[in-house]
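One chain, chain A, links the two complexes that follow: it is found with chain B in the first and with chain C in the second.
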Partner chain A sequence: MEILQYALRKLIGGLPLIIGVTLVSFALMVYFGPDQTYLLLGKNPTPEQILEVRQQLGYDQPFLQRYLGFLREIVTLDFGTASTGERVTELLAKTIPVSLILILPGFILGHVVGLLLALAAAYWRGRWLDKLIMAVAVTGMSVSFLIVIIGFQIVLSSSDGLDLFPVRGWNASSLASYLSYVTVPTLATMFVALGYETRFYRSIIVEEMSRDHVRTARAFGLPESRIFFRNILKNCLIPIITRIMFSIPQVAIGGALLIESYFGIPGIGKATYEAIITGDQPVLKAVVSLTAILFVLVVVLTDILYRAVDPRVTLK
Partner chain B sequence: MSAVALPGVAPVRARGESLWRKASRKFARDRLGMVALGVVLIYFLAAVGVWLGWWAMGWPDLSGTKWEPVSGTHWFGTNIIGQDIFDRAIYSTATAFEVGLIVALAATGIGAVLGAFAGFFAGSWIDEVLVWLMGVLDAIPFYLFVAAVAYALTDNPWAMHLAMISTFWVGTGRLIRGEVIKLRGMEYVEAAHSIGVPEVVIIFRHILPNTSHILLVQASVMFVGAIKAEVILSFLGLGIKDGMSWGLMIDESTKEVLAGFYNNFLAASLLMFGLVMAFNAVADALQDALDPRKVG
Partner chain C sequence: MDQAPTTLDPVQGSNIYANFVIVNAYDTLYSYKYLARPYQLKPNLAEDFPTISPDGLVYTFRLKKGVYFIDDPSFAGGHGREVVAEDFIYSIKRQFDPRNQPQGAWLWQGRIAGLEEWKAAGSDYDQPVSGLRAIDSHTLEIRLTRPYPQLVSTLAQGYAALVPREAVEKYGKGLGVRPVGSGPFRLVSYDTARVVMERNPNFRQEPVNLADEGYDPATQAFSGVEAIQGRSPPFVDRLEINFINEPSASWTSFTKGDEIQYTVLPIEQVERVLAGKQPVTLRPEYADKYHLYAGLEAGFIFTAFNMDFPDFGYNPDPERERRNKALRCAIIKGYDWQGRNESWYNGIGQIFPGIIVPASPEFDPDTPPASVTRDVAGARQLLRDNGWTPENLPTLVYGTTSGTTERLTFEQFRAWMRDIGFPREKIVQKTYANFGDISRAWKRNQLPLVTKGWGLDYPDAENTLQLFYGPNGSPGSNDANWKNPEFDRLYAQTSVMQPSEERTRLYRQMNQLVIDDCVAITGLSRTRIYLWHKDVIAVPDREILGGFWLKYADVLPAGTGAAASRVAPRAAPQPEQGA
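On to the complex of A and B.
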């Protein structure tokens, strides 16, 4: 009950953020964005037709009125129809699951493997394994995401390489074809994430290792493994949770956008990219407001998770 | 106080050694950092040569035929329409420095000033507005934001720079805000207050210079971030409009690699990898050298 109340209060506290995000993106993408009038009209339109389309799109209304209309759409979750004639809600329902099953494996593997490597590096700090892992991590950080994608594609999918997986496209009708299409994007996402995650996790673990309470525990003669898991790792949970939670909104759109447009996968990232280029306002509005809402949800959920792992944190 | 130099005895270091003196001494002893700095300087010289028009001026010329192999006239071969890949790759180095330097300097400046104001006036409405703004910019997905700015500015060649600057400063702003909150409680700031130094002067003369070690590291991190972002944005068609860049070269090469021609891809990605790697190492060495907790 206490948690529910807290969550509700936090959600209301997130309203200014949602208003800010929607206002900025509305101004940029819709108000100053590409004009769709002539895209929707046939050749040689009459002035009356132009006027009619502009009216339909709401271009003749003042800024504030259009923005308020946008807010109304968010509250009712009804974003109208995309320029393709499809309902935006249907488009989202079709594309979001594709993006989720595309991104999740790489996201989870990146964090899990990164954490494991960081643990190994921190545990053997200063030894050759630590140096090797960190050298590989810095190298991984220095390669562009795009180069990683193309590199994996050449090695795994092209006729010059191993030729094991499809070059591009998407088909998740069966588990076997899902696996064959998802492998290369997953490896690329994981590879790019690994460098950053390993470095980050190692630095927080190492910082925790040099704390006074760890030295005290060692002085009391507690077994080293117990110190590592009970005294060090448990204290690292808060930054770890923060890191994972806050990368969710970025990965949900940002990561998917490049991968999906490169491999031609019909997910939300590709739909967004196409909407940006054609100025498909209803889709853009929906994506931006969903991201903002996701962001606020993540903030609230993170706070509740803090409380779950650290009893000293109070929800007030 | 002057140190007394005895013959045959190394002079004792003066007690009030500044952070920068100490940092540069520590940096000079960091072998990896020095090598990396040397590599960055070589890249920089390549860029300076392009700016002065000494080399790589033939990048747009059709100087050969399609997909020529590596040779004495075309050091990295030629691309799909017969342009010299070496010239294009070197010219792109200058583009990378332009993007990196402009974005890093502007974003560091904005982050420093806004972060300092937020931190100095923490708890007041100024801080709340600035923190809200940072939250808003963080909550908009980066590529969406860049794309939106690019289209709002209708093909303006600076759209990409502007979009990067207006999002990159947030990280620096948050760091500086935290640091300034710490600094503003210090005695010397209180002393400045008590003798009537105006607040703006306190912020810019007495507080901000004390955050310059953070700013230097942040600027180097953003330099790398901007170069990496440029590659992806140019590939998506949202980046460099006039000229040549590693991102545009990689974009070109995606049509070539599937046909089995790798020169364009390798030239752009290896050159970029070298610069980013070296700069990452410099940033790491800087961070170590400027961290007062690490004694050297």
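On to the complex of A and C.
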């Protein structure tokens, strides 16, 4: 009950955040975003036709009226029609699941493997294994994601390389097909993410290892494995949860633009990018508001998870 | 394809990317012959070319009978009904309904009688248009306000595709992702990454006659296209068009066999792939695997001076205006077309003077090349003779979209201008986030130098000459806002003339006026390099109508690699047909 009340309070408290984010984003779209009028006009437009298109797009309405319309769309979850003619809700329903199953393997593996490597590096801190892992991590962080994508494509997928996987495309109709299409994007994502995750996790683990309670536990002669899992890892869970949870909105809504573009995957990242460069406001409004809502949900869920892993945390 | 279409609704089919799909999903009254170059029109849904009244104002078309729209829930019983003349009228009306955000109205506004009035009365589809009449279910009459020699050409464009009213009323804007036409293919799926189409099983049987399609054995026999003689397109069951923006991904996908055709050879691959550029030939290892066709685009790139900017255009002071013309001419002399060609177009684009492009039948290869020949000394002399010094030269603002290529193009331009005496700080780049933003600047008459590419809507020099017609000034297509009374008079005169030697002569005269007035730095037509796998029978092209050639594409039964999986053959060609 306490948790439910807390969640409701936080969700209501998140409303100003959603309003603030949508207001700022909408102002940016309206005043600094691309003007779709000139993409929709024919080759030889008249001033009258320019006005007609602006009216059709609602550009001629006052800002406040347009923003209130945006809020109404959020409440009704009806964002209208994208410039392709497709309903925005249909577009999101089609693209978000694709992005999710595209990114999740890399996201999960990146964090799990990163954490394992960080544990190993921290445990053998200063030894050759630590140095090796950190060297690989720095390499992964240093190479451009673009280079990694192209490199993996050429090595694993092209006829000049191993030719093991499709170069691009997407088909998740069966597990085998899904695995064949998702493997290279996942490896590319992991290669880059591992560097950041490993370094981050290693630093918090090393910091925890040098705390007084760990030294005391050692002084009491507790086994190293018990100290590691009970005294160190458990206390590291708060930053770990924070990092993972706050990545979720990006994973769910943001997609992975580069991955989706280079691998020809029809996810939300590519759709959002297209909407940004063409000024397709119905799509942008949907993405912005959903991201804000998801962020509020994540904040609530993160606090509840904090409480689950650390009883000292109170939900107020 | 290197870009995805933004919509598949013909009412907004403004570019080759949209038309790549639209002309395969829908029918137009006319199309272009598959193999004839220069491009030649042919009847498609029309039985023949129209009969034209002696005054050139009334066109009568006969439509083929027995042509049906694809089966779709929008039709009674879900079965596609027959295509009739009223469908054409309805489709043209859509271009004059502001609710559709139409992009093709410019082709017919002020030309077809009654359309503006119909629009002004509220775009009520139940109300007639005086210039559009269905005499019977398969006879159509178009009445013009003045002769329009390009009318038939405009009816080959995606804008003029026949759309059934039932589908528009059922799907509304959703028609943009769900085409309902009578073309050779029907849509299976469409997203940001690709479009998948399958053969329209009810597509009319029209055996190919290669001679009628403009087949030239001397230059086209290599493609194996003789194998389609006597067979009715489309030849493949399934069509997958991938949208790949990234050249490296596109190249990797093509060489692996996932794509049958590659349209833009990345500049970094040129040395590796090509053995020669004049003519374009492949290295043996690629020639063994791929067919090659290098063809000039039906369009060009150019930079227009916006004459509304008094610094180098029109000026209230006649003396300054005279000096301004000398300044423009000097800039043109300083421009290095050959350098641009080498830097960005593999050195295989065709540089030509003026605005009548080589793909137009009225192109004159003998036009003196002085306006596209770099002459730095001459440019410096011209500036000196007209009192221009580094101190009094105006600042040139060069507008581009943002991007590395655009930045490099600008830097190149700045270097050329410095060669003729411009101080570095007087050549300034102004960047815009995207094409829509720079288009806004053009249309609002805000950019002094307008650099753009233009693709022909139809193979007639009128389509590029209108870019400099005075009444088409901003926000129209005359970004230069050039107003030359003699040019405008000749344009008005030729705009009602049928193709003839006299019209060609006048076109060329207009071209010379553009050159003489130094109103644009022009121009270059890029050479498109098409590569495709040898198990594919096709002559790819993407000019003017995008994918009009796809219904003729076939795959050899012994096709290997993924090409065969991407375009699956409907039926094995007969051995005696050369397959």
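To be clear about the criterion, the second predicted complex is superposed on the first by the 291 of 316 C-alpha atoms of A that agree within 3 Å, B and C clash if a C-alpha of one lies under 4 Å from a C-alpha of the other, contacts with A are read in each partner's own complex, and residues count from 1 in each chain.
Everything that follows uses one rule, which is that a contact is a pair of C-beta atoms (placed from the backbone, for glycine too) under 8 Å apart; a residue touches a chain by one contact, two chains touch by 3 or more.
What you see is a predicted model; the values in this text were computed from it and never measured.
In the superposition on chain A, contact is made by A:295 with chain B only, not with chain C.
Legend: residue contacts after superposition of the two complexes on their common chain; A:144 is shown touching chain B, with no touch to chain C. Of the two partner chains placed by the overlay, only chain B lies in contact with A:25; chain C stays clear of it.
When the two structures are aligned on the shared chain, A:55 is found in touch with chain C, with no touch to chain B. In the superposed model, A:167 makes contact with both chain B and chain C. Of the two partner chains placed by superposition, chain B and chain C are both touched by A:279.
Once the two complexes are overlaid on the shared chain, A:207 sits clear of chain B and of chain C alike. Contact with chain C, but none with chain B, is seen for A:43 once the two complexes are overlaid on the shared chain. By the touch criterion defined above, A:154 lies against chain B and chain C together after alignment on the C-alpha atoms of chain A.
In the superposition on chain A, the residues of chain A touched by chain B in one structure and by chain C in the other are 34, 150, 153-154, 158-160, 167, 261, 277, 279.
Every residue of chain A that touches chain C in the complex is listed here, in rising order: 34-47, 49-50, 52-53, 55-56, 81, 83-87, 94-95, 150, 153-154, 157-160, 163, 166-170, 260-266, 270-271, 274, 277-279. Contact residues of chain C toward chain A in the complex are 4, 6-9, 12, 14, 98-99, 101-106, 109, 171-178, 191-194, 242-246, 248-249, 252-253, 255-258, 433-437, 439-440, 443, 457, 466, 472, 475-477. On the chain A side of its complex with chain B, the touching residues are 16-17, 20-21, 24-25, 28-29, 32-34, 138-139, 141-147, 150-151, 153-154, 158-160, 167, 249-250, 252-254, 257-258, 261, 272-273, 276-277, 279, 287-288, 291-292, 295-296.
Only residues 132-133, 135-145, 147-149, 151-152, 228, 231-232, 235-237, 247, 250, 253-254, 257-258, 260, 262, 265, 269, 272-273, 276-277, 280-281, 284 of chain B touch chain A when the two sit together in their complex.
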